[in-house]
Amino acid sequence: MNSKEQVKIIKERSGTDASKCMKCGKCSGRCPAYNEMDIKPHQFVSMIEKGEIEKLLNCKAIYNCLSCFACVERCPRNVAPAAIIEAVRQEVIRMQGGNYINSEEIPQIVDEQIPQQLLVSMYRKFNK
Amino acid sequence: MQELNKEHKPLIVAFCCNWCSYAGADLAGSSRLSYPANVKIIRVPCSCRVNPTFILKAFQKGADGVILCGCHPGDCHYTSGNYYARRRMTLLFSMLDYLGIERERTRVEWVSAAEGAKFSKVMNEFAKTICELGENKRLEDLRCKD
Amino acid sequence: MQRLEVAFLEKAKELLSSGQVNRVLAYKKGEFCYDVSPAVFYSVEELENAVYNGFCGANLSKYLIQESKKEGKVAVFLKPCDTYSFNQLIKEHRVNRENVYVVGIECQGKFSIEKFYKTGVGFVASVQEDLDSVLVNGETKIDRNAVKLERCLVCKKQHVVYDELLVINEKKDGDLDRFEMVKKLEAMTADERFAFWKEQLSKCIRCNACRNVCPACTCTKCVFDNDDSQISSKANADSFEEKLFHIIRAFHVAGRCTDCGECSRVCPQNIPLHLLNRKYISDINEFYGEFEAGKDIAQKGPLTNYTTGDIEPNDFKGGNK
Amino acid sequence: MQRIGVFVCWCGSNISATVDVEKVSAVLALEPNVVISQNYQYMCSENGQALIRNSIKEHNLTGVVVCSCSPRMHEATFRRACESAGLNPYMLEVANIREQVSWIHKDIEEATEKAIILGRTAIAKLRLNTPLTAGESPVIKRALVIGGGIAGIQSALDIAEAGYEVDIVEKSPTIGGNMAKLDKTFPTLDCAACILTPKMVDCAQNEKIDILTFSEIESVKGFVGNFKVGIRKKARFVNEKLCTGCGVCTQKCPSKRGLNDFNMNLNTRPAIYIPFAQAIPNVAIIDPEQCLKLKNGKCGLCAMQCPTKAIDYTQQDEIVEREYGAIVVATGYKPISLENFNEYGYSTYKDVVTSLEFERIMNAAGPTSGHLERPSDHKQPKVITFIQCVGSRDTSGCGKPYCSKICCMYTAKHAMLVREKYPDTQVNIFYIDVRTPGKNYDEFYRRAVEQYGVNYIKGMVGKVYKEGDNLVVQGSDLINNEQLLIKSDMVVLAAAIEPDPSVRKIATLLTTSIDTNNFLTEAHAKLKPVESPTAGIFLSGVCQGPKDIPETVSQASACAAKVIGLLAKDKLKCNASTAGADEMLCTGCSLCENVCPYGAITYIDKEFRLGGGRTEVRRVASVNPAVCQGCGACTVTCPSGAMDLKGFSTKQIMAEVDAICKN
């Protein structure tokens, strides 16, 4: 698969239209994981639009995103940066194959206090 | 018979109000949004000028579908004309349906002057529906068919 | 029941002899008992021939268009359903109300002679009426409901406009659902409906009786007689013209038709024309709210009125496919 | 017998590329009544029109069919050509073979066939045309301006200047609108009151102008040149004629808890009040929600104190009916409600204010007498952060999809004013883009950056929250690619603006159209920007789209020019296509009268001869051709077919149906 096709797939999977972005930066303005991310939420939107797929596939930010959807909530143009981040991450996982977490392991490795949403998010991040 | 039906090119009469829908048709034209050539437009000042007899007459003379286009409710150039047209057409269409005549042959669409794309879409869809229905047999006058 | 006819004659005589009116519009005897027709009586002597019985079905209101224009006052005996038509004519400025003295007369439902024949009584020489039954030829007793006109089974009961009332007994029954047949037709498939109407309307001989009797069809010159209308025709040349005439006629009276049923009563071919009018009435009730033409002249007619949220012409439910 | 000329236009190659124009003119030449059929490159050109004119004369034509572009484009042109050759202009029909044929069909054979059918249809209709003459209706030489902001004031002053009478109807107790609330104006920084209030006074003193404040439009009837408008003068409980505006009552009033809406509710005012010092009219008004006398009958202090006995607790709403030739809509705007923008904490934190509230805080006549104080503790803020595009350019459904146009400039103004008066205050501005098209606008913005050291940050704010006494603004800096947390004492939101909500009702009453954002639609986006599609209704100011003051004033004057042009005419040509009843068929049933939207139909009792010396008086419909607009609603309502419409008669339309269907 070439990178053009990958971009197309990621765009489709995210279900969001990155061309609607007016580059206001409100997504990055609210991101709670901003400082941890090597590529910022607003950059995901512009980079996928420009087709800079290699950098995205190799970034760490896709694992730092909390999937809190604050960026989606705030966006004035109905673009969903978190969905793009998620789509890139899925692409990486699918390229690698395999699951990184097994449901049977969860009771041992997880703190009881952990919120349900995080568990769900964890599945999304580490499983195919 | 099947062969004949394929060759049948349905005739569609479109009554368009001068202020919105006729202008919408103009916009479809200037935007080069095509619709079948068998759609022929008659310009009327307002959708409320369209008498049920015009529609029946068109069917009598061999039209296979009749569509009436006017300004959107609330936007009538004459303030309330399309509201009257709406009631008249509802009752007329309901009566045709009651008599067992295919209700898909008649239609009302509100198309504004800015909706060239809608005009073309409506005409394409309507023409397709009429094509599928085939020739108008239940409301035609055989003498009028040459 | 004979008491009512006596009261009717007394009232007519009183109105004439007192000079309150100079003529009376009512019914006169024919050759047979069922052969009654509308007539104008100018003197007490002429009233010898006046009758009021179960065969006085004709709606007298339409005659008042011409009668009310003439010199002097005319008295008229109107049944409840007739008063609706009369009221609608007042609304449309077709009658001069000041010239008419309306006596609202009791009606226990009028007869259909065909229904007598259907009971197998043969020739009807005389009918003695009772509230619930009739005695034919002095020997056969028949349930009154069995010989009533269809419209009298769905009676309006109340007089909506009158100067005085002549009612001895309250009207009984007549509460059937008048839209029953319309609903039945709607439940048929489109092909069945088409077949039904094709059969019915192809009987039409374009005698124009329905139009001429209709109290809502009061045009000076009907569009079907007017060459300029582009739809004029004297006779149905084919099935299209049969439909055209009846659709347009029903449309022209839509919202104005009081459902008096005269069209079906007079049709020599027994076409159920009232089913076309009732379809409009039922649609109007369903789409725009209950409306009864002739009931309240201050109310706007449904086709000269609108609301911004009216149903769209493509969206009505319609009959079955 | 009609003698018809057919003229087929090539429209350069627009038509001739897909329609065989030679064939069209040749085939149409064979139609009955057609005596000449020609084609030409550009029928609308002077040469093309000359061809029509000459043919009319040469062939004694009684009618002309032009097969060309849409009649909406050149029907008027060809009508003029006919008229100048002595032919009645309504003896013309246009077959639209461009928009309806050549531009949408590719197949030449198919397109040519359709063009011929449309040509035949036009000929069929034309055979039944009759010469028409347009009637005339007089113009009432008085204008109505709805809205007394700067747009309405300017339009009214210009119309009055030309010598016509104008009424300004304003829904609030004073004219002045939003501009009266502003402190300074960009790009010159002169004080809004200094330039506005003299104009308000001019309005009050101009004898051609009648100001009706605290009044609303109740009903509108009629048409261009002849509007009848019902105006509701709401009760203000003070006799306007007697009140001198001395203000004694406002000082004595014991009920002082009412929110001062002129100061954006930042402080309170008495129940009887004068909106602001320079209010026009300078007359007090009682707020019935607050007034003790009106609420429970106990008080009456103001009436006792009033030296002119102007207080009238029994005053009622009053409806006045007036007639106008033209109507100007100048209903203006308001900032949007910020309820969908909780992230900025507007409803949670007192120190988050809108720009219009900030105007009042900075205004010398405002609640703080012009001292920069934050609302929570009246301390002078040391760090102020402005956020632009709050609700503008928002397609998510929370705000407005359009650019509000004025926010970039007034935010730069606010920043400059703060830095000018309080140089030790830090000013940050979050922006998406800075838009400054306008004379001296970009220079103004650059001055804010270069001379006043305003910190412009390209990025948007994600959240405003409180930490101790201060607000923290969390936002992105897209240039430095970092996320900022800025401690601020005060946050100012440049809220989007939207048309004043009253405009919906007014648009309905005036039957003019309104777009999805509630802005009134102009008749043509480029060529008729101040006319509404409804004749006689004109648009001034923000009701048509976001505008700053200079633009509003220019549009208001343009609007006035259009109104003056209309009022200068003594008579207007009416629509020639009017309805009329065949009196021999009319039964006088009143159905048509009930559907006429213009009240053009009345009934008369007319005497008819029956023959033999007898006569009959019948009630028949009579159409006023000056009022009839030609919609045709009556024609279908009429069961007898007595009512018909000239130019679109039943026969003509039926002939068109025939012509289309027989092919």
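Here are a few things to note about the model shown:
Which chain is which? They are A, B, C and D, in the order written, and residues in each are numbered from 1.
What we mean here is this: a contact is a pair of C-beta atoms (placed from the backbone, for glycine too) under 8 Å apart; a residue touches a chain by one contact, two chains touch by 3 or more.
As the structure is a computational prediction, the values presented were derived from the model and not from experiment.
Comparing the chain pairs A-D and B-C, the larger number of C-beta pairs in contact belongs to B-C. As a whole-number value, the distance joining the C-alpha centres of chain A and chain D reads 47 Å. Centre to centre, using the average C-alpha position, chain B and chain C are separated by 37 Å. Chain B and chain D have CA centres that are 33 Å apart.
Computed centre separation for the pair chain A/chain B is 50 angstrom, with centres defined by C-alpha atoms. Residues of chain B found to touch two or more other chains are 52-53, 57, 74, 80, 84, 88. Those residues of chain A in touch with two or more other chains do not exist in this structure.
Residues of chain C found to touch two or more other chains are 223, 229-230, 303-305. Chains touching one another form the pairs A-D, B-C, B-D, C-D. Chain contact summary for the complex, chain C toward chain B: residues 185-186, 190-198, 223, 229-231, 237-238, 240-241, 243-244, 247-248, 250-251, 254, 276, 279-280, 283-284, 287-288, 302-308, 310-314, 316, 318-319.
Taken in their complex, chain A has these residues touching chain D: 20, 22-31, 34-35, 40, 42-43, 70, 74-78.
Within the complex, the chain B residues that touch chain C are 52-53, 56-57, 59-60, 73-74, 80, 83-84, 86-103, 106-109, 138-143.
By the touch criterion stated above, chain D contacts chain C in their complex at residues 584-591, 594-595, 603, 616, 619, 637, 639-641, 650-651, 654.
On the side of chain B, the complex with chain D involves touching residues 11, 13, 18, 22-23, 25-26, 28-30, 32-35, 37, 40-46, 48-54, 57-58, 61-63, 74-81, 84, 88, 120, 144, 146.
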